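This is the structure I have questions about; it appears just below.
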């Protein structure tokens, strides 16, 4: 709808002031002193706002947590410390802290989950990042199948779980060190593979940069990459894809 | 179906030798002297094999092109030179060469296309990579909307096309230099954004590495990245997503 | 004035020995055992000397602080620790410590401020660097408008503050992660944008190097970049520009 | 002015439809098939659009050149090849090609220039980039003083031109190899220094990356950096600053 | 044998002057004006000297080729140009030039070969490097099995050749792009895997550096890496290992 | 043996169900909740599984240690902390902890060792990595000769041990800083040299990356490289080679 | 003297067994269990062995310190911790610890010093590295002039000390951040400049790598560079040069 | 002499105007339109100015060559093309062009040379850079001993030339690939070693960066490094050192 059209409708009383204003108003977010909460976000993107907890001042963290919980009836924070957990636990005893992936959350009970995302890791040390992806995807309403420790140096472990992997709407491949898992998966499935390099490794792994380069250079098709250790980002985009995959086929 | 089950069925004559062998046979590809054509590929992944033409010897290139055309009734090659085009044009005069994105192809007429992918570029110099993405996606059966030259240094150009972008099932963001386009798009749509860094730029652009880092570090959600100048890879995964998006909603 | 001219004027008594010597003397600074205080600096550059506190030995730090305060009636130190604050607080109880940006200072009361600098950040985690820029600019006599948490992944937040940004003489863009804020700002204002990459981020952010590369490669005009986390440098050059912008138009 | 206010004024006939539409309309640029000319640009930024010629298709280049010339009565292109020059020379014989810095232009005669920008280079090999900066600044209406070959390995050459440098409103420091020129200049003037690293050098100069790092790490104040070889960018921001510096002092 | 012992034996006439001198003499190589041919090399290492042809002056190249042929009755050069081939072909018409891997050689007829080395490539573009490795190993007396185009994005192609791979004494894994082939092979065989990254790829492959990092970071056991495109080095060390593997088992 | 053949043999009762199933079964590993123990590994590769202890949760670490000990009667872990040692020492008092190289183990008494591997270091600071290599090789059944502190800046120290080095079946060269040791060794022996860069050094050593590059670029023959500080990997592949070297000569 | 000549002299009794053996013997160093002390070093190089203390085990450190002191009557260690100082102070109360540069030493009294080395720093934070260079040079017998805090952002400070700098036999330039000091010095003196990059700085200084690149790329003559923070190396080579400079002129 | 003293002497007629002016005058160089010839250079540094020919415009190159020849009776240019040689050969037929190292020169006949510099290379491909160093040093009046192709992979070649190397006043070590030559030399001589990394190599040699890192990290003493391929810089500083070494010993 063009501006001209709106203006005319408003003038002709086919539209109220509030309706017209809605199209042009400037502030679809809630101004706090230290941050701008994105209150239109769920409408715009289909996902509620999530807190990136790391580095937030105590006072700010608690207020944002509280506000989001009051707005949505549930809330999720990533990269939370145990200290931050203890802060909000006093206010909301139902808060849960997932130590392995540093997620803090209050989740609505009996949430329905749809579809399926396969979250795979190369080794056991990649599990924290994989859990972040899995729990974020679950919070956003996806079913998740966890398939851990199936790295390419023992390819038979991966092949034994092929059915589970191939039946998912989206595959998340979490791997540090050489990161070859994504390429092998890309050649075995017909769904998008979201690759997550991890900072697991030593020496020339350069905190995940080597794995990132491996994945970006993959010669397999249907692979795209998110940032090192970015389980959250992988869980988010995998959920976008999973939601599409749950539509009914003709 | 487990191996034990198959073996028993075969022994009990519930399954022929050919059927049983099918499960265990080793070679779902066609051995040529210099390459292994992946003849099961379309069955396995839903996509026909595509030729990466760059660096192939003339004789090999022509034979592979011919074989794939005979098998599928159509064929597509990326990063093809004009010289390679002339080689196959003699054999198949209906071959088309898209100079701007170095694609060579024979395509079945009246192919039906579904859904919608928005392919956006930051500048005009990014168009060759974007065209590779767009034409690959079209070849694989997707509708594509091209939205070029909408880089973030003139944000109003991008905002004016927002409706087109938001109605797509998947957005491909092609940008060199600083690569900020992906982040802005990620904040504006509720569908996955596939980011393609390009080697466009000079100075510290380092042939696309700077744009790649920008995109990988994006603070927006729903973004994943493919290799520098990898229009093909973006068109492929965008098609996977677009196909899902075309399923009927409940 | 050429050397020959000065020499002749001096010989002809048109100039005193002191005046002549002034042109050739060698030491416009104050020699301390461990440092050379630049006492001519304010005359030469229009800015008083500032202390970079990090790594200074306690004794040296206190003496330099004291000397500068005695010379100028005010003093400012960047990257100061709480320990350093406590050292000088005993001597000068009026000393102020800004915890968030690690600035320590004694400032003349009722200092007049001129013009306007807009200091913008992409996220809340960039605020410490932005505050360093803002407080340094204020200490040097500039008005500052703080516009925080307006990153490009939610572009509407930035657009809602456009008037404030466009009315400034200089814009400071502080951003970590992908650093795209500078490009978007560069396309929206007609004044110089000083971009400050921050070390905020994780994974492939490489402690701010990715943001630096993004900003250096910006395709927008009117952008120049200072070092990662260098809020002080941005506040300094923004003040130089702001002073010019406060001159009367014809 | 808020949206609500505009809407009411329009309804109450205090504003025409055209005036109201102006605030909300979407397309302040001219759509061509292959590009989006930014026709509002001069109004928004005070600078006309400039053509980055490198890599443009012949037909596109000529059309854009023509259109901009017709709109503004003058036009400037950077990184133009001799071939591109010959293309437009046929249409507009008054076109000038500056071989040393690859600038192509038709400039209004008797253009008035204001203020002063000092463009300095470390060596003779940096002159092409410096000339790009200088000519761009002149095209945008600035006076420019060229001070070439004053690198820090012969510091007396620089000191001999100090008066010229110190009297400028802005200093552009162009240097490859070790890039130390910017730091020395930063310590000698009280105006902003825009540093331009060049790709001049060999060995570990890494095509200008070393010079870029040197300049970004400068310990002097009042320095900000643009991309490697980006003379255009330096000329642009220096002109922004020079324009401010030409305002009358109180 | 200690120096003292040799000296006493010589004095006591239990050793001739020539024998004693042999232990202490300084020059086990042949001095040419422009190079030092390592004439003791075959004795010391079990391998004849090989010519690295690239960049050698014509005259020098021909003389070295001639000398080595006269000394050993055969000669091999790597990275030879067609021009260099034509130079020596005039002198020695039996010279052979392997265009695909740029090897030039005269080889003794009926050379016996022992053991087995499996040389695998990920794609067809890796074949030139693989051929260098294979032909060098053959020249040094090893049997070689070539297994090309078995990259991990189609893992079934690799698995179908497992028997051939597992029966070799050493496996050479040649791969560009993401280089994951080495890891998968390392998990499937009980013999050393020599990994050769290649410069094949584009974008972030950085001329083979990404593949090198992938291989160095491999989480599989029994893998060691040589330089990018260094087929010669891989063929050499694989032959050392193959020779050991041909010893009789107890 | 082809699938068809197995199927027919089974049908014809020349093979039992168990035997036939063996060829096709999918799971040659033991599924634990958090890991997949590779129980076929020793059969497949000739080496028992080893624990990479770093980062394992206490409970998981103890269970895996226990399981492997029960399966094999011995067990070895690398990169173990003293804390992890104390955990298992309570269960198995015979556990040994090698502080210098962070190895934890229970080893069968009177294990026979064969052949010889020379493990050399450039300096004393490289000893921890060298000891990891040496102890791993010994655990896997190799004799090891330790030759430490023979770096190339005092080449006579290395030459004095030449006999010991030249008589080994494989040489491991462990060096940080400039890593030149591998090249010198490569020129002196006729056996494979496995080079291990270490993170020893400061300044531009970049945590071992410089040494890695030095070794990868070695102009000597018969050298291959493992990851920085990867003593385990070197000990593993050196043992593979040593085992071959122990076969009887014809 | 050739081997043949020595052998004949020995046989003809013109040389004793000991003298002859001297030429061929293998071990000009003292074997300790964990290290090889280079007892011929002072004869060979003119410099006594120095201890690099960092990372040495307590017991080893003390024994080496003791042995070197007993051999030479003095001893110097670099990068020593206070803890290491306390260890040896109990044995040798005359031990001195220089906290600022982490040097530990017992020095012969009344050592004569010759010539002159100018050690310059850009800032006060570079002093620890400069002191290491200065004290090492003094220990090796050179006079040192310290000229600190003369960085190029205040070039007049450097120019005021020009006489002192120009009269030295060798100049050591110690600088972090942008490292431009070496270039300016190289243009002002006619003696070699040894440049020492330091890890001082933040952001894109990358722990001294930027300063290293600046210095390596210097366009001035007579400059060579040592490793980041390597004051010891600079003091060593500066002493070599200073000793030559103290020779009498004809 | 202080400014005050000079002024008084001048006023008191103890000094002429010219003498006084000499101390303060500003321009010890000759201004050409496009460059500033450093006419005081030989006085200041003891070395005549040398032309870096690469990239100079024909006209500029010829004029500078001519001017320097007229001033000094000889002239030397580095990195000259054959085309540049032909330009000046027409004017000065006595001009010599050294193709291998791209030096162009007219040299005074019967120039006396002093002292000795040993210029060593690792391989034959490093000779062009070594020749640049050698010829520059000879032009500046040093004797040079060339010792080529003595890389560390055949250490006996280097040891056989030890006497020649040890008798020089300065050693220049030229090496690409792994660059280990400098470390070995540093351990064998008691004179400064100037290390020159070369861009010779392939794969991970990264155009000399790997060799540069190797040399900078050398664990040997008495080594300092110049830029990649910078033979000129090495010849210059080696001559500075050689001149000192030619002074008479007491």
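Order of writing sets the chain letters: A, B, C, D, E, F, G and H. Residues in each chain are counted from 1.
Following the convention adopted for this analysis, a contact is a pair of C-beta atoms (placed from the backbone, for glycine too) under 8 Å apart; a residue touches a chain by one contact, two chains touch by 3 or more.
Keep in mind the model is a prediction, meaning the values are calculated, not measured.
Peer 1: Comparing residue numbers, which of C-G, G-H or A-B shares more than half of the contact pairs of A-C?
Peer 2: Comparing each option in C-G, G-H or A-B with A-C, the repeat is C-G.
Peer 1: What is the distance, in whole Å, between the centres of chain A and chain H, each centre taken as the mean of its C-alpha atoms?
Peer 2: 59
Peer 1: Could you give the separation in Å between the centres of chain B and chain E, each centre being the mean of its C-alpha atoms?
Peer 2: 39
Peer 1: Residue numbers in chain B touching 2 or more other chains?
Peer 2: Residue numbers touching two or more other chains: 26, 154, 188, 203-206, 209, 212, 216-218, 221, 227-228.
Peer 1: Let me make sure I understand the interfaces: which chain pairs count as touching?
Peer 2: A-B, A-C, A-D, A-E, A-F, B-C, B-D, B-E, B-F, C-D, C-G, C-H, D-G, D-H, E-F, E-G, E-H, F-G, F-H, G-H
Peer 1: Tell me, which parts of chain F touch chain A in their complex?
Peer 2: It is residues 26-29, 34-36, 38, 41, 55-56, 60, 197, 199, 208-209, 212, 227-230 of chain F that touch chain A.
Peer 1: For a test of understanding, state which residues of chain F touch chain H in their complex under the given definition.
Peer 2: 122-123, 151-155, 177-180, 183-184, 186-188, 201, 203-206, 209-211, 213-221
Peer 1: Can you list the residues on chain B that touch chain A in the complex?
Peer 2: 44-47, 169, 188-192, 194-195, 212, 216-218, 221-228, 233-234, 236-237, 240-241, 244-245, 247-250
Peer 1: Tell me, which parts of chain B touch chain D in their complex?
Peer 2: Touching chain D: residues 124-125, 127, 148-150, 154, 156-157, 159-160, 200, 202-206 of chain B.
Peer 1: Which residues of chain A touch chain D in their complex?
Peer 2: 2-4, 6-8, 10-11, 17, 20-21, 24-26
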